[in-house]
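As structure tokens, here come the structures.
The following pair of complexes shares a single chain, chain A, combined with chain B in the former and chain C in the latter.
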Partner chain A sequence: MIQNNSNHKKLSGVVGIFDEPHALIMATKKTREFGFKYFDAFTPYPVHGLEVAAGLKRSPIPYVTFVFGLAGCVLAFLYQYWTSAIDWALNVGGKPYNSWPAFVPIMFEVTILLGGLSTVAALFIFCGLPNLKKKAFDLSITRDRFALMIEIQNLDEKDNLKKTKEFLQSVGAKEVREVYEEGWGFSL
Partner chain B sequence: MLTAEVRQVKNPGSLIAAPSVKTMFLVFSLIGVVTFMVGLFLDPKRMWFSFLHNHFYFLTLALGGLFFAALQWLTQAMWSAPVRRISEALTSFLPISLITFLILLFGIHYLYPWSYKGDIVLAGKSGYLNISFFVLRNLLAIGLWVFFAIKMIGNSLKQDKDSSLAWTNKNRVLSPIFIILFAITYTMVSFDQLMSLDPHWFSTIFGVYCFAGLFYSNLALTCVLTILLKRQGYLEGIVNKNHLHDLGKFMFAFIVFWAYIAFCQFMLIWYANLPEETSYFLNRMHGGWIYVSLFLLIGKFIIPFFILLPRGAKRNEKLLFNIGIYMLVAQWIDFYWIIQPQYAPDGPVFGLIEIGILLGFLGIFGLVVQKFLSTHNLVAIGDPRLVEAVTHHYQ
Partner chain C sequence: MQVNTVYQPEILIQNNKTFSDVNNEVSVHTERFPTFKWWFCFLAATSAFLLGATLASIMFRDGLGVLGLNQPNGWGVFIVNFVFWIGIGHAGTLISAILFLFRQKWRTAINRSAEAMTIFAVMTALIFPVIHTGRPWYAIFWLIPYPNQRGLWVNFRSPLLWDVFAVGTYFTISLIFWYIGMIPDLASIRDRAKNGIRKFIYTVLSLGWRGSNKHWSHYEIAYMILAGLSTPLVLSVHSVVSFDFAVANLPGWHTTIFPPYFVAGAIFSGFAMVVTLLVIAREMFNLQSYITINHLEKMNKIIMATGMMVGYAYACEFFIAWYSGNPFEAYAFVNRAFGPYWWAYWTMASCNVLIPQIFWFKKARTSIPVMFVVALFVNIGMWFERFVITVTSLHRDFVPSSWAYYVPTWYDWGITLGSFGWFLMWFLLFCRFLPVIAMAEIKAIMPTETPHKEVHTNDSK
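And then the complex of A and B:
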């Protein structure tokens, strides 16, 4: 459990917990409209429409995938061309050295391979993963509940903290808590 | 809007067809009939090849409409409920293609070498490639499609009146049966009507190749018609950018699928290099046909692939419309490339006969589809998933 009144730990934000995804979407929208800049939603599974409600911009990942996919296609061709037509020209079944139709399946595979790997790599980079600093503040958000966290940057004064809690309640949170920074490890 | 509370979708009614468009289609049909008559006297062989080409092209558009609709019932798809009726409308041409097939039978001796000449290879195939069996099985296949179209589309139309779930359930039983029969019969029909133009040649993937083309053009036409109706304001509040985006994704996927299948067919034949198989591609890689082959590689795959790749393109109504028309033309050229080298091995022949017959089919197709859309609702208004489909997309 979160130690609510631990003074020696640094406050990182206020979290509101919701029972169903629609309530979270509505609350997220209102939070953004209210003017909070630093907030994050936590869901046990991808919720359609949340990215719109949170006002997230389009991810740059597709461009990475495109560039690497294209590079994979070209590199696979160049490599096969070099091996079978330049470096070690071999006559296979009387076909020309540069038998491009035979190269296509490998070009296709390398396109997929580089595209896929670069997508995962880009995902890790853009999401700042692996993130060892933060830990799950409530295990139920990986199971059946939905959370909206308004981060500390928004609430520098004590007065704000109270107001933020009230705000979360007003947008329908079933439970509102303060979240403190914790070290690396589990506490159930 | 995040909380669009739509409990009921307003029925857009049926199409009020502009008389000028109707007249245009009528004129096209007349041009077609005249070209058919004149062609029969001037150059019957060329006319029959063009007739087969357009018969098969419009047959696939109609059949594709039935396949698309059946696919939605089979998968219980929700997103497609607002556009399904438009693909259903295409099936109204299916009975006409039964008639055009019957007309085609008069040209059988011009088209299919197995019907007028014999050699050792053809003698071995005569158990399958003979006129009576050819006619019988093709009639049976097209008749089967017409039957399923009447049944399934009929159920869908009856649902408009009472919004009963029972009709959807009936189609959920019929659609898997249809899809299985479709796979078998369409393969057979494409083998018979197209592949047997060159009866010495064979390719087991040919049916799949034709299927890829069928879905390629059907998705494009569904998208084009949806946008046309949307522009006229019929689908206000029913079809939005997100539905077009879904259709765009589908189109993009089947551009890739077609290329994949086309290359599978080409590469295996090229690699194995067996004389009885290579003739098909050899004919299409010399003379004027090499340019058509290159067009298929670049124009039917690479160009639309890169145009439809970005997300914005699939949500751009105008672009989607133009690329849809382009894809329909590309598919027409694909069938041209399959069929006409048997008539003109040196290079493509394109003239008034080809244009006239195409216009004729286009006119009749336009007339029946327009008739369907102006007698029935433009949207499957009784579909239990329509409300959800209209609202499921945020924004």
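And then the complex of A and C:
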């Protein structure tokens, strides 16, 4: 849990806790319309409509998958062609050295393999996983509660902090608190 | 008479569960000392595995002669087990990927355990091609095309090598699909953990997931793409496995019907295994509200449908054997049903085609004892299907003087038993340490998603 009075830790933002997804979607929408740029919602499951309310763009992961999948297909063909027709051309059952129909199953499998692995790699890079630096600020968010965090960019402005808190209350947060930057409590 | 025209969405999770009930009831099994029933099953599975491992070790020392293989039966129980276990895995991917793409929301209660089953089934299957070489510590290097001191490449035109790529890719993609799906749930367990060691382990496993909306938006796309990649992959895997047979010029194997026939059979046997495991798991871990009779009934319908596809394939093979006018093909099939292995053929046909017909009756589809027994018969029947395909085509080859009857020895049977032990051992460990139900996915399909304020208790502070 977060200690509110810790002076040595850096304030990262103010979080408002909500009890149900619809209230969170409405609050997120208002936050964006109000002009906040650095905010994020936290939910126990993917809440549909929230990405629209937050104004998120569609994830670019499909392009990564496509490029790597295509690369897998081409590389698998080139490798089979090179080993079977160039490096050690071996006559197998009278088939041509470049018996490309026989290479198709492996081309397909490597397409899927590279496509899948690159999808996961892209997911990890875009989400900053593994996330070592930012601890979960509320234990109920992976269970049944919903949160909206507005980042405080400039700590010195006390006014800024107070206004953000008031804003979160005004959009219906049940509970508002400050969040300090904190790691997971152990180093890897 | 009043007609209710309002569309009522299907209630997938029963007994008005709240979100926090889901976390409590699914996670609690990872947090307490396992029950006596669990230990009993685990020790039984481990003993079976150790028996198999001991027999396999003796086989490595003395050679493959301890098995029932002879001339011309060069393939026996090991390839039967390989095909059987790969097939078992297919239902997991069907549930997790194909039903996901078709927006079948009922899959969410069972996809986690079905995917786990896929991974353990593929791990079990992979044992057999490796140990059947007799010298696995060399063989695993010969399978992989890397520049080596022998100066040789693998034969890329061989279905046996396609198998290496197909099964290897299948295992890798299934594993990451399963793991990615599990990250939010591992974070749930992490946030419940009181014990420091548990907290540490689940923090590492959950990769510091916090449920951020930005992350969910990437996550959902990645999950959908993995489902999209797994779907053609799973169809390709058993097709490639069937090529091991279909590319060979042997009557009974050399047929174009094999890829779809194998895939249907794989889904059929896999669903039977899912039903077997879930019937036990939902009782053992009190998950009746999540894995409902409704879920099991839907799986039983799929069992019956795929069972009839398999039955059609059996009939089609006989028709083509006659219609082709090829005497060798015709002989292979007459020999299959009425030759020395008639008992295996008719075990297969009755277990796979006749017995699932009982699912025409709703009473049978929704009865736990009936579906458990039928699922066991289907598993036996599908094991015999692979036995029939492998052995009946081999035991009488083109030269009658070399015909021989194949009898598996108790090394074959013991190692087969060991593979079941190995599979169940992993499955039981999964039930003990990981969330058996996809909690985050379940929440999105619960009636509480449009919240019932009065039941939505809020005890978090």
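By definition in this document, the second predicted complex is superposed on the first by the 179 of 188 C-alpha atoms of A that agree within 3 Å, B and C clash if a C-alpha of one lies under 4 Å from a C-alpha of the other, contacts with A are read in each partner's own complex, and residues count from 1 in each chain.
Here is the rule we go by: contacts are C-beta pairs under 8 Å (C-beta built on N, C-alpha and C of every residue); 3 or more make two chains touch, one makes a residue touch a chain.
Keep in mind that this is a model prediction, so the values were computed, not measured.
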- Classify the contacts of A:Asp87 with the two partner chains as first (chain B alone), second (chain C alone), both, or neither. second
- Query: Now for A:Ile25: first (chain B), second (chain C), both, or neither, which partner does it touch?
  - Reply: first
- Item | Partner chain(s) touched by A:Val52 [first = chain B, second = chain C, both, neither] | first
- Query: Which chain, chain B or chain C, is in touch with more residues of chain A?
  - Reply: C
- Message: For A:Pro62, using the defined touch cut-off, is the partner it touches chain B, chain C, both, or neither? Pick first, second, both or neither.
- Response: both
- Item | Partner chain(s) touched by A:Leu132 [first = chain B, second = chain C, both, neither] | second
- Query: So, does A:Asp144 touch the first partner chain B, the second partner chain C, both, or neither?
  - Reply: second
- Message: Just to be sure I read the superposition right, which of the two partners does A:Ala102 touch: chain B = first, chain C = second, or both, or neither?
- Response: both
- Message: Just to be sure I read the superposition right, which of the two partners does A:Ala122 touch: chain B = first, chain C = second, or both, or neither?
- Response: second
- Message: Going by the contact rule set out at the top, does A:Gly35 touch chain B (first), chain C (second), both, or neither?
- Response: neither
- Query: chain A residues touched by both chain B and chain C?
  - Reply: 48, 58, 62, 93, 95, 102, 105
- Spell out the residues on chain A that touch chain B in their complex, using ranges where they run on. 25-26, 29, 48-49, 52-53, 58, 62, 66, 93, 95, 101-102, 104-105
- Tell me, which parts of chain B touch chain A in their complex? 2-3, 263, 266-267, 270-271, 273, 309, 311, 394-395
- Residues on chain C engaged by chain A in the complex (per definition of touch): 18-20, 23, 145, 151-153, 155-157, 159, 161-162, 165-166, 168-169, 172-173, 176-177, 180, 183-184, 187-188, 190-192, 200, 203-204, 207-222, 225-226, 229-230, 232-233, 236, 240, 243, 440-441, 443-444, 449-451, 453, 456, 458, 460
- Item | chain A - residues contacting chain C, complex | 19-22, 28, 40-48, 50-51, 54, 56, 58-59, 61-62, 65, 69, 79-80, 83-84, 87-88, 90, 92-93, 95, 99, 102-103, 105-106, 108-110, 112-113, 115-117, 119-120, 122-124, 126-127, 129-132, 134-145, 184, 186, 188
